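Residue numbering begins at 1 within each chain, and the chains themselves are lettered A, B, C, D, E and F in the order written.
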Amino acid sequence: MILITRREHFSAAHRLFRDNWDDQKNLDTFGNCSNPNWHGHNYNLFVTVKGEINPETGFVVNIKLLSKIIKENIISKIDHRNINIDVDFMKGKLASTENLAIGIWDQLEPLIKVLDIELHCIKLMETENNYIEYYGNK
Amino acid sequence: MILITRREHFSAAHRLFRDNWDDQKNLDTFGNCSNPNWHGHNYNLFVTVKGEINPETGFVVNIKLLSKIIKENIISKIDHRNINIDVDFMKGKLASTENLAIGIWDQLEPLIKVLDIELHCIKLMETENNYIEYYGNK
Amino acid sequence: MILITRREHFSAAHRLFRDNWDDQKNLDTFGNCSNPNWHGHNYNLFVTVKGEINPETGFVVNIKLLSKIIKENIISKIDHRNINIDVDFMKGKLASTENLAIGIWDQLEPLIKVLDIELHCIKLMETENNYIEYYGNK
Amino acid sequence: MILITRREHFSAAHRLFRDNWDDQKNLDTFGNCSNPNWHGHNYNLFVTVKGEINPETGFVVNIKLLSKIIKENIISKIDHRNINIDVDFMKGKLASTENLAIGIWDQLEPLIKVLDIELHCIKLMETENNYIEYYGNK
Amino acid sequence: MILITRREHFSAAHRLFRDNWDDQKNLDTFGNCSNPNWHGHNYNLFVTVKGEINPETGFVVNIKLLSKIIKENIISKIDHRNINIDVDFMKGKLASTENLAIGIWDQLEPLIKVLDIELHCIKLMETENNYIEYYGNK
Amino acid sequence: MILITRREHFSAAHRLFRDNWDDQKNLDTFGNCSNPNWHGHNYNLFVTVKGEINPETGFVVNIKLLSKIIKENIISKIDHRNINIDVDFMKGKLASTENLAIGIWDQLEPLIKVLDIELHCIKLMETENNYIEYYGNK
């Protein structure tokens, strides 16, 4: 098995809350992540794909193509935006790192399959101390 | 000369804009940093002080005390908050990294002077690619 | 599969040696890690858990709770301590990074199981060049 | 399962091209990586092995021995060299990160097997944004 | 004094040698950096400028403009190139990190002066262990 | 002005305490850093020198020579040792990061002066959050 990973990054605002809960319950559950005026992070996104090596190029995938797909479909929609309000694929979802990793997977997975390679993992670092790894709904 | 530096970090939302400018002028000047729904960052804050070494302790300053002062006076006010709305010492100021570094200096400088040491530099990293260093109004 | 990881860190002293071996055999086997007067490291500890996402919170686990469990049960016992002498769960064991990772697993595994999630991996970095990953006794 | 990883690094020049293609086709396929006068990178190499813990030493493997094997068989051949020209185990192969990771695996795998442990993964970072993980031909 | 720094990076090949010296003298002086078939690095370039804060924007300089100047005048000429052969502003110079930092300063200094700010420092990291800081010919 | 910096690292044990104070006063002053059974760190040491560029080599100093001087005179004495007990140049001194940085300066300064360059700064990082910079007794 051979895996290739591309890192991209984005900066975004978000807030953890449920609008069917009052402020106190949101605060009890989500702590300062529920601050009504938002907060934000520099996210590091690692997209890992697997496949066979093309003997002509020595590549599993051209990493510039992989980077372009991530930038056009994820970064351009989320960088310098508000995850709760501005990002189409997060509409109606709680903006947790878990849900965001799954949302990014669902955007990228069909676009990567077309290249005859397979999306293997979305790793999403919210801070240097916290990260999520999602391997798909298997 | 001997300097001691403490790193702390915080995650916050902000937006670059002037309310006496229309949306187009804000966009032309500040680019995607003016997104009306905010964005955010993980900020790394480096506070550097200088002074004499206390011969009894071998310390310029007890770094736990320095950390406590930064946490109580800066981090507790800005972490998981909105810089434009929630932070008293940034009220009425453009939330640029430059102005934020100066705002942090102005909060910490009198508190550090009391310890018979001197605030030397506020270094504020907005991303791994961008940072400000402020050495005071000298 | 979805995984969430929390990083914590601690600074500790240790020594690699067997008291049923003489100094020369300890030195031959463990090199400068057997220095009789100890040495030490800044350890980075990555605790990875897996589970289902709670649809109400969007969380596999509240990362602040995970951090609290690690701090109360590991960091408070080992940070700024001597691994060979001061740490109850390492008593009588060789203080290798391998054994320390397993010791941390054995402390955390029952506490994490109670939360209806599963401990997946203990990754323990002794230096930027050396690390252990332990996935349990499976 | 317990894994131990050693990081080593090397700096090398390379070029991506096929000599049975003309310059334009090389440029179309490999972009600026096909620059005829070479370019180069600081590579980070992570060698992960798995095995049983030796109860006498608390080690899966003595990490200094692992480091020595990597340095003598890989780093000494590739550091401050040209991957396409100077490295015996890359002769006749496209100098992609994928092929280099496999080449390193093929060098190290028999040397590590002799120690009664198993090579688990070669992770090769070409830049902070791009890396390959190879788990062998299984 | 307030300073703002932008990091950019590039990957390039180079070789340290004097063509008026024979191979042995080059090897004696420059060690494996004189390898005739080149080697290379991922360079991190930190460009620091100083100036007054524009009260309308809160900026010393728009960091996107600073990034654009660095990319157009330095990165586009040196990234994925050979420093000795391909880079106009390094022609005829020994490709040491010292000379490269000065070469970058000489390219950027007049372009930055035009913006009514001042180039303060070029910091050039060749590896995570080696770097140069150049403050101009003062 | 042109500066060149070499990073080296070492892992060591230490303890902050005064033997003319009782345990309680040591604990009150130094907190958990006074743990009687020691603790330890991975230290990062950055040695910065300044000088003229040698026109024959393009170097302020051959960085391999600088590294050799640091390794032979500092790292070999302190790596995998106890700073309080094992290090000749720290005998009788409180093992604070401040005093250690000055101790390293005093060891290196005469050795670097001989090379017709000048020691500019010793930067010593005890953790990723705490560091000292010493510029000499000027």
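The rule is simple: contacts are C-beta pairs under 8 Å (C-beta built on N, C-alpha and C of every residue); 3 or more make two chains touch, one makes a residue touch a chain.
Treat the numbers as computed from the prediction; the structure is a model and nothing was measured.
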{"item": "Counterpart interface for A-C, drawn from D-E, C-F or E-F and sharing over half of its contact pairs", "value": "E-F"}
{"item": "Chain whose Cα centroid lies at the greatest distance from that of chain C", "value": "E"}
{"item": "Euclidean distance of C-alpha centroids - chain A vs chain D, Å", "value": "29"}
{"item": "Chain centre separation in whole Å, for chain E relative to chain C (CA means)", "value": "42"}
{"item": "Where chain F touches two or more other chains, by residue", "value": "31, 128"}
{"item": "Touching pairs - complete list by chain label", "value": "A-B, A-C, A-D, B-E, B-F, C-D, C-F, D-E, E-F"}
{"item": "Chain C-touching residues of chain D, taken from the complex the two chains share", "value": "1-8, 48, 53, 56-60, 62-64, 67"}
{"item": "Chain C partner contacts - residues on chain A that touch it in the complex", "value": "16, 18, 29-31, 93-99, 101-102, 128-136, 138"}
{"item": "In the complex, chain F residues that touch chain C", "value": "9, 11-14, 31-33, 35, 37-42, 79-82, 85-86, 127-128"}
